[in-house]
Amino acid sequence: MLTVGAAAMGRPVNVFLQYWALDAFREDRVDKNHGVSPEAGEDGARGVIEQQGAVHWIELFEQAKDIGEVTINACAESMELLGITADDLHPVVDEVWGVARFFMEAGDGATFI
Amino acid sequence: MLTVGAAAMGRPVNVFLQYWALDAFREDRVDKNHGVSPEAGEDGARGVIEQQGAVHWIELFEQAKDIGEVTINACAESMELLGITADDLHPVVDEVWGVARFFMEAGDGATFI
Amino acid sequence: MLTVGAAAMGRPVNVFLQYWALDAFREDRVDKNHGVSPEAGEDGARGVIEQQGAVHWIELFEQAKDIGEVTINACAESMELLGITADDLHPVVDEVWGVARFFMEAGDGATFI
């Protein structure tokens, strides 16, 4: 939702996927229930948000790419650790970047969230 | 604690509450035990911090507002998803903001934590 | 891994350890399995990353300190809450800082991750 908001405000956005966030973007897992943090409590466990007809999170990223300058990139080091190849990833993912490239692209003026 | 520290240093602070963080600010839930992340391990599960007489987290935010320029705002989109109304929120919450307003207020010079 | 990447790019890095992150840097706990977030799913629970011979996370921080300008500091307020003393910490930790000092050192040009 932050990506959609920033895109709508005309800000360029780089989403950098690492570890389990990257795992969630495997094409065969995007529809899997990935669980919520314990802080979500009982409502979280019962999937309150999903039940209320919220848009699938992958669609939010697709919307963000439609309306703004948004790139979604997979962390090369995380792919190696998790045994994920580029072919495994959902097409919403644009490229595979190393951590060094991520820091280069996110220059000194960038804000991190 | 970061909010108190930043306020004490004279930095303006915007706290933007989304999802389960917002849920924790419902007036009838601020005293609920929201659990800790699994990374907290056994000490976390046993509530070691609470047992040591730490100040309630809502009091830390109240202190921060007393000493500095601090606003605490609820995410409009999260409120809709979770079925929360402005009346449900603890009075420490100032306003309801959309994601777009959050990005406007947090201008280019802002740092995100 | 972000610390290593930033150090390799010539960026100064301050790592500020709070709460359970700090707890993980206690010398007698650095080899403990601290668990993973529920979002990690079954692969996370099975320790897929550890099984693939990944470098221990404390070694990544040591590498980062070898190649760049990296300091790792413990939050004084968190130490008090958790009953941790400077002697308890792994030698990779440089100093104990209060939250105010953290904000001073991380000046206006700093990015937070």
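When the chains are written out, they are named A, B and C in that same order, and each has its own residue count from 1.
Note that in this section a contact is a pair of C-beta atoms (placed from the backbone, for glycine too) under 8 Å apart; a residue touches a chain by one contact, two chains touch by 3 or more.
Since we're looking at a predicted model, the values are computed, not measured.
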item: Equivalent-chain rotation between chain C and chain B, CA atoms, steps of 5 degrees; value: 120
item: Shared interface numbering between chain C and chain A [over half = same, under half = different]; value: different
item: Whole-Å separation of chain centres (CA-atom averages), chain A against chain C; value: 23
item: Residues within chain B bordering two or more other chains; value: 36-38, 111-112
item: In the complex, chain C residues that touch chain A; value: 1-2, 4-6, 8-9, 11, 36-41, 43-44, 48-49, 52, 54, 109, 111-113
item: Of all residues in chain A, those that touch chain C in their complex; value: 18-21, 23-24, 32, 34-38, 75, 77-78, 81-83, 98-100, 102-104, 106, 108, 110-112
